[in-house]
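In the two complexes that follow, subunit A is the common piece, with subunit B as its partner first and subunit C second.
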Partner chain A sequence: MNTYATSIPRLDEFLDGGLKPSTLTVLWAYPGIENAPFAYQTLMERLESGDSCIYITQSKLGLTVEDEIRHYGWGIEKYKEAGKFFFLDAYSGLINAESEERFSVKNAKDITQITDALKNALDATGSGHTLVVCDSLSTLIDHCGENCLDELIKWKDIFKEKNATGFFLFTEWPYETKVLNKARLISDAIIQLKAIEEKVILREFFIVSKVSWNGKSKEGVSVPFKISVPGGVKVYIPKILVTGAYNAGKSSFVHSASTKAVSVDRVGTTVALDHGHVDYSGFSVDLFGTPGQERFDPILELLGGESLGVIAVVDSTNEQSFHRVNDMLIRSKSIGLPVVIVANKANLEGALSIDKIREKMHVSDAVPIVPVTAEDLSKVKVNEPAKLKDEDVHAVLDALFSRIV
Partner chain B sequence: MAEQLSIIPTNIAGFDEIAGGGLPRGSCILLIVPPVIDAHLFCLEYIYRGILEKEPGLIVTMNYSPEDLKLRAMPYGWFLARGEQQNLIRWVDGYSLNARKDVTSTDTIKRIGGSIALSDLTIGMSQAQKDFFSMNDYYKFVFDSLSTLFIYNDPNTIYRFLRTILPKLRDSNGLGFFLMGSGMHDPQVEMTLRYMMDGTIEINDNLDLKILSLPTPSPVRAAHMNLTKNGFVIDPK
Partner chain C sequence: MPKSKKEELADLLKELENVGDIDGAAITTRDGLLVASRLPRDVNAETFAAMSATMYGAAETAVSELKKGSVKRVISEAEDCKLVAVDAGPSAAVVALVRSEANLGLVLIEILKVANATKELMK
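Now for the complex of A and B:
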């Protein structure tokens, strides 16, 4: 099946490849959560892939949208000049201002006028695929009434005829239940943006709750995210615990995986924690490394709190380090979290095989054990973190991310 | 009683005496003011007096730019830029971009599209609440004004918006004022807003202030406002 990628990390997997032609996908946000960056990132991906884009704006000027897109580090100027990007201005009419856009409607409270303008705009984009972003469905309902949802069913026929796909923003104000149900019904796919809120919004995550083209419900699979400026939408994992026995290589892993890292150490041994920030494959992650010596065990529970996953580092040449990991997982209260075992020093003499390590640690086949080695053994120094091979580190991160998200 | 409700003084001369000591955390007060009165000055003083006490302040402005308001505050000695330098002020600016001013968002100013961009307005307020959460137990806010929202939106749209943001303001321990122009709206709208808020204060053309309701008990229900070179002075009647 032909699909159009969004480039939002993990989202395309849940959508079975991306947005399906002639459908309507809704970014369904809890009030206070930004959904526009999801649309901006997707439209940039589609424009860079050669598609056209029409942006229907009903709550702000096109210039404001352009500024916001620029704010995230992208630019649509060249696509506007090339006739690949148009605004459909359904806003200026609402504030009694003259539109400066090529496509606009005089009475933006009349949904049929917006439909006609959309057809004209789609005619101007040529025969290639066009992404239609509507900002927003909730504003349409507010200004055109709930009957506009019936008109949107016709839009899907227009999308089919004109080779287009709809990507609509929606804020879940306290509408009547029948309005919300109808909005859900006409949507082919729904990406819900929700929040963990305690007095204020603490964390945000998205859930793909409807994908009509594969008949599967994805309810329950949540992906934490944050909006980076610049950069856009990134999967955000605020805390991953990196633990393991003394001298297993925890600091080496934290430093090798991180774009920036810091260790609180004494004579080369971590005495408080390692901290590193990972920016990889659309993920934004903070690593917290524990000390390995038993005298620091009292702080393990503190360091382990609120972790979303664990990287357990063992020394492949030292069987004692295997048993210590289980003890540290219990002490840090991390049992039951998604875990990946890093078998460090896998190329050294005396290193056990993955199967042997699994057997000795009594872990099931479901827990990934990833062999890891230093990039250059001749450069490994005593009391300093070693640089591990990038491909090994990435294999660990890929394995853990797929288990968390 | 004051301790039970955790009342925060406004420190505007005379106001706390008629308001039962100040405003409780998590209270949203409707301030009904004639359009000819510069009510935004009262709001700016309210935020500025909080800044002097290291209290964070959120200013939602739909009718003036933050830059303009900072200038308007200066003759009274209210240097709001100081609050920005101390990271204590957040603005949500719903005016400048609509007025096609060549400005962008900053760390302290969130620019939004205008009075119809209610989603962006809520996002801006939520971001400020999140910032303040790590600074202080409560914060002060002013929303200038609801009347501007009613010009461009259907009343039911505004009610839905308020049903969403009022609990957020209360839960996050915000305390402050929503401005509304008197005589500009259907009486039904005014009654609905009074019902949604925690209290209502009315000011007339002569700067006479009347307390219609407040969450804190006060023996005084009326006062006169004087705007001096140092700010407002409220004299109980």
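Now for the complex of A and C:
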């Protein structure tokens, strides 16, 4: 069976590859959380892969949707001109306006009219695969009543016949429980978007709570996200602590991994904090690099709170630095968090092997130790962060991210 | 719909920005995470929050070594501005960007008002 990737980081893995043909996947958001960017990003990915896309709009004009998509930095015009992307306008009728779209319904409160229009629209897309975005299922229930959910079962047959897949936006307004249960029942997959407020910092995350086409989904794993403009949906980790002994290469790591980094350092040693922002493989992460020298330990305790993971940097050539790391993990209250150990300077003379480091540090096999080396030793200057090899840095980030979400 | 805490905090910062001689402000947790900000466009708010929290924490540590009570505020005087970080309860600090020619006493009263309101909100 084909799968249609959404390109939203981590989501495709949980969906076992992506959306499945002739199914109905619901983006189930709690009030106050935007779910449309998930649909925009997915439809852009599908259009780029050669699919067609029909956007059923019920609460705004097509032009407004196009503006929003452009706002995230995606060029929708060429697909519209090529006839690959078009709207099914179920809105203009409500405000007694003449629709400017190719497909529209006169009475948007009559679900059978929408069904007929959808059939016509799908006939126009040819034999290739079509993504049908419905914005939104909640509006559909509001306008057409809860019986429209029965009609949606027919839509799935239409999808099957016309090689299409449904991606529906839904906001959980206070509906009756039986309506919610029915909506859950007719969906083949559900992606829930939730938010929690921790010390007034709002964290949003998504969970795949239902996937009917695979029994082995990693259910219950929640992925924190933020929506960046431009860029779309990113997995968001607000704090990763980068710690380790003096002169192990923490600043080098923060600077090499980050798209943008700043440091407070004097004569080559960090006295307060390295802060770097990482944009990598759909992740948006802020790195907090601590000072290494013991006299700055109060700062370490201060900044350690609320991290979601730790990168512990050790100097492979300096055994003394190994014990210090354990001490620092305790001080920053990071014991128990996902941790990756970076064995820096792995190609220098006197560097210990990974197994030796593991043995000396007394860490279990479950903790990854990743060897890291500088890009060009001749360019490493005293008192300045070195540029580490990209592939090494990425290996560290991959190892850590897979342990967090 | 009642306002979320986040919106209320954003409103507080807006109020602060309306005070003359204040060019921007941010609320940060003591461990360096950004809560809310209204800063000039070219400022990276996350970095600014992390560094301000570090500055405040370092001052607290230095003072606690002296055993002379707790820190109430940290003021950094730069060439073109003053940076004023004030205590806003055990988990947060308010940092304001003040013009160098400002009357610090008057501006400080406004910043303290906002800091107190922040403290109440974040309880």
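Operating definition for what follows: the second predicted complex is superposed on the first by the 396 of 405 C-alpha atoms of A that agree within 3 Å, B and C clash if a C-alpha of one lies under 4 Å from a C-alpha of the other, contacts with A are read in each partner's own complex, and residues count from 1 in each chain.
Heads up, the rule we're going with is that a contact is a pair of C-beta atoms (placed from the backbone, for glycine too) under 8 Å apart; a residue touches a chain by one contact, two chains touch by 3 or more.
None of these values were measured; they are calculated from a predicted model.
Chemist: Put subunit B and subunit C onto subunit A via the superposition and say whether they clash or fit.
Modeler: On the shared subunit A, the partners clash.
Chemist: In the superposed arrangement, does A:W213 touch subunit B (first), subunit C (second), both or neither?
Modeler: Touch partners of A:W213: none, neither subunit B nor subunit C.
Chemist: Now for A:L61: first (subunit B), second (subunit C), both, or neither, which partner does it touch?
Modeler: It touches subunit B, and subunit C stays clear.
Chemist: Does subunit B (first) or subunit C (second) touch A:K260, or do both, or does neither?
Modeler: A:K260: touches subunit C, not subunit B.
Chemist: Identify the partner contact of A:P174: answer first if only subunit B is touched, second if only subunit C is, both if each is, neither if none is.
Modeler: first
Chemist: After superposition on the shared chain, which partner residues are touched by A:Y280: those of subunit B (first), subunit C (second), both, or neither?
Modeler: After superposition on chain A, A:Y280 lies in contact with neither partner.
Chemist: Please work out whether A:D142 is in contact with subunit B alone, subunit C alone, both, or neither, and reply first, second, both or neither.
Modeler: After superposing on A, A:D142 lies in contact with subunit B but is clear of subunit C.
Chemist: Examine A:E306 and indicate which partner it touches, taking first as subunit B and second as subunit C; both and neither are also allowed.
Modeler: Touch partner of A:E306: subunit C, not subunit B.
Chemist: Figure out whether A:K239 sits in contact with subunit B (first) or subunit C (second), or with both, or with neither.
Modeler: Once the two structures are laid over each other on A, A:K239 reaches subunit C alone.
Chemist: Counting residues of subunit A in contact, which comes out ahead: subunit B or subunit C?
Modeler: B
Chemist: Pick out the stretch of subunit B that clashes with subunit C after the overlay, from 41-49, 131-139 or 149-157.
Modeler: The segment of subunit B occupying space taken by subunit C is 131-139.
Chemist: Which parts of subunit A are touched by subunit B and by subunit C alike?
Modeler: On subunit A, the residues that contact subunit B in one structure and subunit C in the other are 32, 199-202.
Chemist: So in the complex, the part of subunit C that touches subunit A is made up of which residues?
Modeler: For this pair, the touching residues of subunit C are 4-6, 9, 29-33, 35, 44, 46-47, 50-51, 53-55, 57-58, 60-61, 91, 121-122.
Chemist: Under the touch definition given earlier, write down the residues of subunit B that touch subunit A in their complex.
Modeler: 97-98, 100, 104-105, 111-120, 122-123, 125-126, 129-130, 132-133, 152-154, 157, 160-161, 163-165, 168, 171-173
Chemist: If we count contacts the way the header does, which residues on subunit A are in touch with subunit C in the complex?
Modeler: 32, 197, 199-202, 238-239, 260, 262, 264, 272-273, 275, 277, 286, 288, 298-299, 302-306
Chemist: What residues on subunit A touch subunit B, complex-wise?
Modeler: For subunit A paired with subunit B, touching residues are 29, 31-36, 58-61, 63-64, 67, 71, 91, 94-95, 136, 138-139, 142-143, 169, 171, 173-175, 199-202.
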